[in-house]
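Chain IDs A, B, C and D follow the sequence of writing; residue 1 opens each chain.
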Amino acid sequence: MVKVGVVGYGVIGQRLADGVALQEDMELVGVADVGPTLAVRALKEKGMPYDFYLAVEENREKTEEVGIPISGNLEDLIKKVDIVLDATNAGIGAKNKVLYEKYGKKAIFQGGEKTSVADVFFHGYANYEKGIGKQFLKLTSCNTTGLIRSVDCLDRAVGVDSVMIHIVRRVADPGDYHRGLTNALKVDPVPNHQAVDLMLIMPHVKATGVLVHTPVTHGHFITVFAKPKKKITKEEAIAIFKEHPRIRLVRIADGFLGNASIFRYARDLGNPRGDMYEISIWEETITPFEDHLIYSLHIPQESVVIPETIDGIRAAMEMQTDRLEAVGLTNKYLKIGGYR
Amino acid sequence: MVKVGVVGYGVIGQRLADGVALQEDMELVGVADVGPTLAVRALKEKGMPYDFYLAVEENREKTEEVGIPISGNLEDLIKKVDIVLDATNAGIGAKNKVLYEKYGKKAIFQGGEKTSVADVFFHGYANYEKGIGKQFLKLTSCNTTGLIRSVDCLDRAVGVDSVMIHIVRRVADPGDYHRGLTNALKVDPVPNHQAVDLMLIMPHVKATGVLVHTPVTHGHFITVFAKPKKKITKEEAIAIFKEHPRIRLVRIADGFLGNASIFRYARDLGNPRGDMYEISIWEETITPFEDHLIYSLHIPQESVVIPETIDGIRAAMEMQTDRLEAVGLTNKYLKIGGYR
Amino acid sequence: MVKVGVVGYGVIGQRLADGVALQEDMELVGVADVGPTLAVRALKEKGMPYDFYLAVEENREKTEEVGIPISGNLEDLIKKVDIVLDATNAGIGAKNKVLYEKYGKKAIFQGGEKTSVADVFFHGYANYEKGIGKQFLKLTSCNTTGLIRSVDCLDRAVGVDSVMIHIVRRVADPGDYHRGLTNALKVDPVPNHQAVDLMLIMPHVKATGVLVHTPVTHGHFITVFAKPKKKITKEEAIAIFKEHPRIRLVRIADGFLGNASIFRYARDLGNPRGDMYEISIWEETITPFEDHLIYSLHIPQESVVIPETIDGIRAAMEMQTDRLEAVGLTNKYLKIGGYR
Amino acid sequence: MVKVGVVGYGVIGQRLADGVALQEDMELVGVADVGPTLAVRALKEKGMPYDFYLAVEENREKTEEVGIPISGNLEDLIKKVDIVLDATNAGIGAKNKVLYEKYGKKAIFQGGEKTSVADVFFHGYANYEKGIGKQFLKLTSCNTTGLIRSVDCLDRAVGVDSVMIHIVRRVADPGDYHRGLTNALKVDPVPNHQAVDLMLIMPHVKATGVLVHTPVTHGHFITVFAKPKKKITKEEAIAIFKEHPRIRLVRIADGFLGNASIFRYARDLGNPRGDMYEISIWEETITPFEDHLIYSLHIPQESVVIPETIDGIRAAMEMQTDRLEAVGLTNKYLKIGGYR
């Protein structure tokens, strides 16, 4: 049993902890955060399913007042685990890395950290092999993770020459008060970082893209204008995407009118937090046009990176050396795809 | 075991079904809707935990295509149950009533129906006794249900003379595409219907109020300017509200910055769909001022009426004749308050 | 002096009236609407700069109560003019056409009407010549009008083979209460109507596109992935767009962060209503990539069609037979481009 | 002619400059800001109606590149004027005060500064006399300015004992990208600062209040639950408010459905920037209830403080010693009330 610790128990950290806890070949040792945040209070109200480690000593009193049992400090947690999933705010991971190195532990950082923090910039499906046995991995960000799922899927089927992408980005998660946008779109210079990141993971594909921030919370919307190496029909594209366990095909005609429909559907499925691990591609947007194939997809920004991060544990800890075996186990324990 | 059917499997109907299924002294016979809506597709993907009855015969083919097993039509469901929870769109309930009468079944309608549809306008805590043994009950709407919880609670403790209320209303639920508001507030004439409804349920309290629609989805925000029969301090008010199982006290200082914090917290609690049965009152808003007591609260519009509707089953079916025993059982099975 | 009447004094109609009033070779005879709408009340408060004709007789009393002088009914207005600008709600224009035919008058319909209502589907810059002398013109919709400005501009400079477009659409105008979207994106099937419409106006260009509705009010955001007939550099593209009087080049670096910056800038310019006749292209988005040229632009949905509609008057009334002379006069009187 | 300079040419500063320029007994010497902001670029595109002074020398090159003529630095402007309107960001005004003192000039600060920055906390209608001849005035903030207009109006008519207020606050102005909220309401602790500020200006009135931030941009919405010294009817209240030149009475029935209707109406009136100097009270909300009078009003946050700030010039410069004469002149030159 690989022993895993989660450092940073926020939007991503909570979901990583839940995801790891479902893996039958991993043990979640505990989670660490700075004090009695809302997420930690919720952990308490749920009866402490996970042990809590306090990363900032000054907050001990405040934390104990709320009745949260403290199992140790950050270093205590690090010492007990084989690998850390670092889901702290951007920039903190780089600081924590010193501790991981001190204790000779492996770690996986999230997309907010600089790529240079890690030995490998990692995506479970696209470059699993590169992560095998490495000490430090950095996951692609939420948008890039989902985007690459689809491009890698297409690339393995028919080859992809280049992609132009258009991202309509949500600006905040539900419950975020530290950032927001009100009745405004915001434009980023071209190319966006997701296109650049895609080329780091898939260096044989040329990419660029436009990104617009929009005042919504339930997921990003990406349109891909891909140039496949050979022409494919809409039906072929549907068949290719359908094969991928982490991609759903949805239809406007069935009631999936946009990002908010998918969020509602995930809630109605009974998924914890209304989360969805899969990206969704709208069938009505899949369109061959001249040399290109167009399709639009939904990124559930809070949960999309969970499967690929768990793939990263498998790679870094050399639990599986075969890519499909590894992602298949992650899928099985998370009940993704055929395992639903 | 009281046999219950849910007619209308939308935002409210799904939650009613789940709530009834948790009651150990009730049996959920099945749910009915018009066709393969997203909610029905989610039911299918979950493995059909509830039997499905098809209310509109023309949609049989479409429904079967999706692979949803059909257990019968609307009348088949009605015949099998003791009581129907009608959660159809506003106006449909009145039409369905003809069927309930035809088969001599009891029914509880939701807040969207006209009050005249029912024998009693019902609220579990405020007027349980009036519902006992009645054939047709109509629940208060989401805002009124939560509002009355707090006013009734205060009234039973110290007496309430009058209330002025100010509602900041969410305009849509997450996933609603049939209604919305963009960068606009909308004002209703005074008094709002919630104040009028409060006086129907609590005729000894004078009430009026202002309502503003705002472009958000995660719950209504109500401020009550109550005139208690005797002055009370902030601490007394906190103590009174804390006693009520269906009221939470929350603090801005703890991170509950607004409606979206509560939605996030409920998701992080692991509550199905991120729902919350309780209303939340912000401690920092509880303020005695001159003759009045001010306090602000959050209404989780999608789920707040579930407990009081289940109370309604207990009343209509004469399962309990004691108010506190009835609501206590509902709370116990829903794990509300001390039962958490 | 060509005599012009405006039928439908709403968002577009008001701006058409103001635009026509600025043309020194046209006379605005009056405006017509159904009753004392907010726009008509504003006309009154401004001191009735334009004569008002009442289109719905039943509203006479209500209109007079507000003190609005009535210069006649709809037919009275039609009889007095050479050409009608019909800016009524979608579908009404087709009904009004019977009256225009009855009196043998010309008319220009807006984008909401079916294309079959008119003899020509018209765009001032792209197909001016087709409108010359015709009785009935239909303008392209706001998105299509601005989109075609840019594609036609590029096409005349270097030739355009095909375009893929991505539209991020505002769902409502400021002050709209009859439509809206709240915390949701909405996807349309591919291709969107703007791509289809572009091919009607520019049949030698192949086009398709994706459209997403977003909950904002200050303008649409369109990205064009154009395939020019010959490769051009970013600098060449900037030079080409800069020549067009109805296109602005803006920079994120200068503070134009998105659609709302442009709205604010137009207000600060002192433009009536904070309107902008020009579309704006962000320099930082202009990107040659493989065979394509990418660029993103802003559509001021309330005012963008005004210049092209006035061009339509010039064509239909045969005021100018030369395209550039015609659009140049419109620009001059509206103070667009070099005339600022 | 009183010589006026505006320091800080942002949302408020631009409007102050325009307002002062309309006063026939004042001269606008110039405006100062830190560099070529969008507002300064708009000034340039308009042909430099006002002289520009550059407050940050390092930005000279950047400013000249854009072609903006520089008339001097901040101190140059201060030396030329009798009084400065300081509309810089919160906190900067306190720093600038050193310069105003150095040159012995008077100044009026906006609501963002601390009250201690000034000799008098000022409101044109409520305490004009206190500002007469003073060197440093601080204006009430936008919400408080509009709120006090209405409470002072009622107080002078029938006396006001206490007010409970409920503010639904807009979180950003159109075009703001540095702050925002997305699909969330945010609650402030009670009492809000507006209630506290009201008591500073009107010490004989007791006040408290609730404030909720909402994701909209077109104005605040305030409901006042006032306790007048004697009961008044709805009709009497309407008559009292109608007398006030800076208050509009509007009706939902006429189409004023909310804040966005008022913004649209102001645009359609042709008001520069779509601004409105007046607050609007909805007739359908004016409701006597028990000891209280309830009414709801709209605050146009970008422009509401302009008249009272100009009143402040009149007071500080001792241009008029009579309150009504002073505000009357401001109203006349701004075309407010009877002067429309």
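FYI, a contact is a pair of C-beta atoms (placed from the backbone, for glycine too) under 8 Å apart; a residue touches a chain by one contact, two chains touch by 3 or more.
The shown structure was predicted, so the numbers you read here are calculated from the model rather than taken from an experiment.
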Looking only at C-beta pairs in contact, point me to the busier pair out of B-D and B-C. B-D
Maximum distance between Cα centroids and chain C occurs for chain B
Distance-wise, how many Å sit between the C-alpha centres of chain C and chain D, to the nearest whole number? 35
Where chain B and chain C are represented by their mean Cα positions, the distance between them in whole Å: 47
So what's the Cα centroid distance for chain B and chain D, whole Å? 43
Tell me, which residues of chain D touch at least two other chains? 174-177, 182-184, 186, 215-218, 257-258, 260
Where on chain D is chain A touching in the complex? 171-172, 174-177, 179-184, 186, 215-217
Can you tell me which positions in chain B touch chain A when the two form their complex? 14, 36-39, 41-43, 45-46, 173-177, 182-183, 218, 254-258, 260-261, 263-265, 267-270, 272-274, 340
Per the touch rule, the chain B residues reaching chain D in their complex are 162, 164, 166, 168, 183-191, 206, 208, 210, 212-218, 221, 223, 225, 227, 252, 257-260, 282, 284-287, 289-292, 294, 296
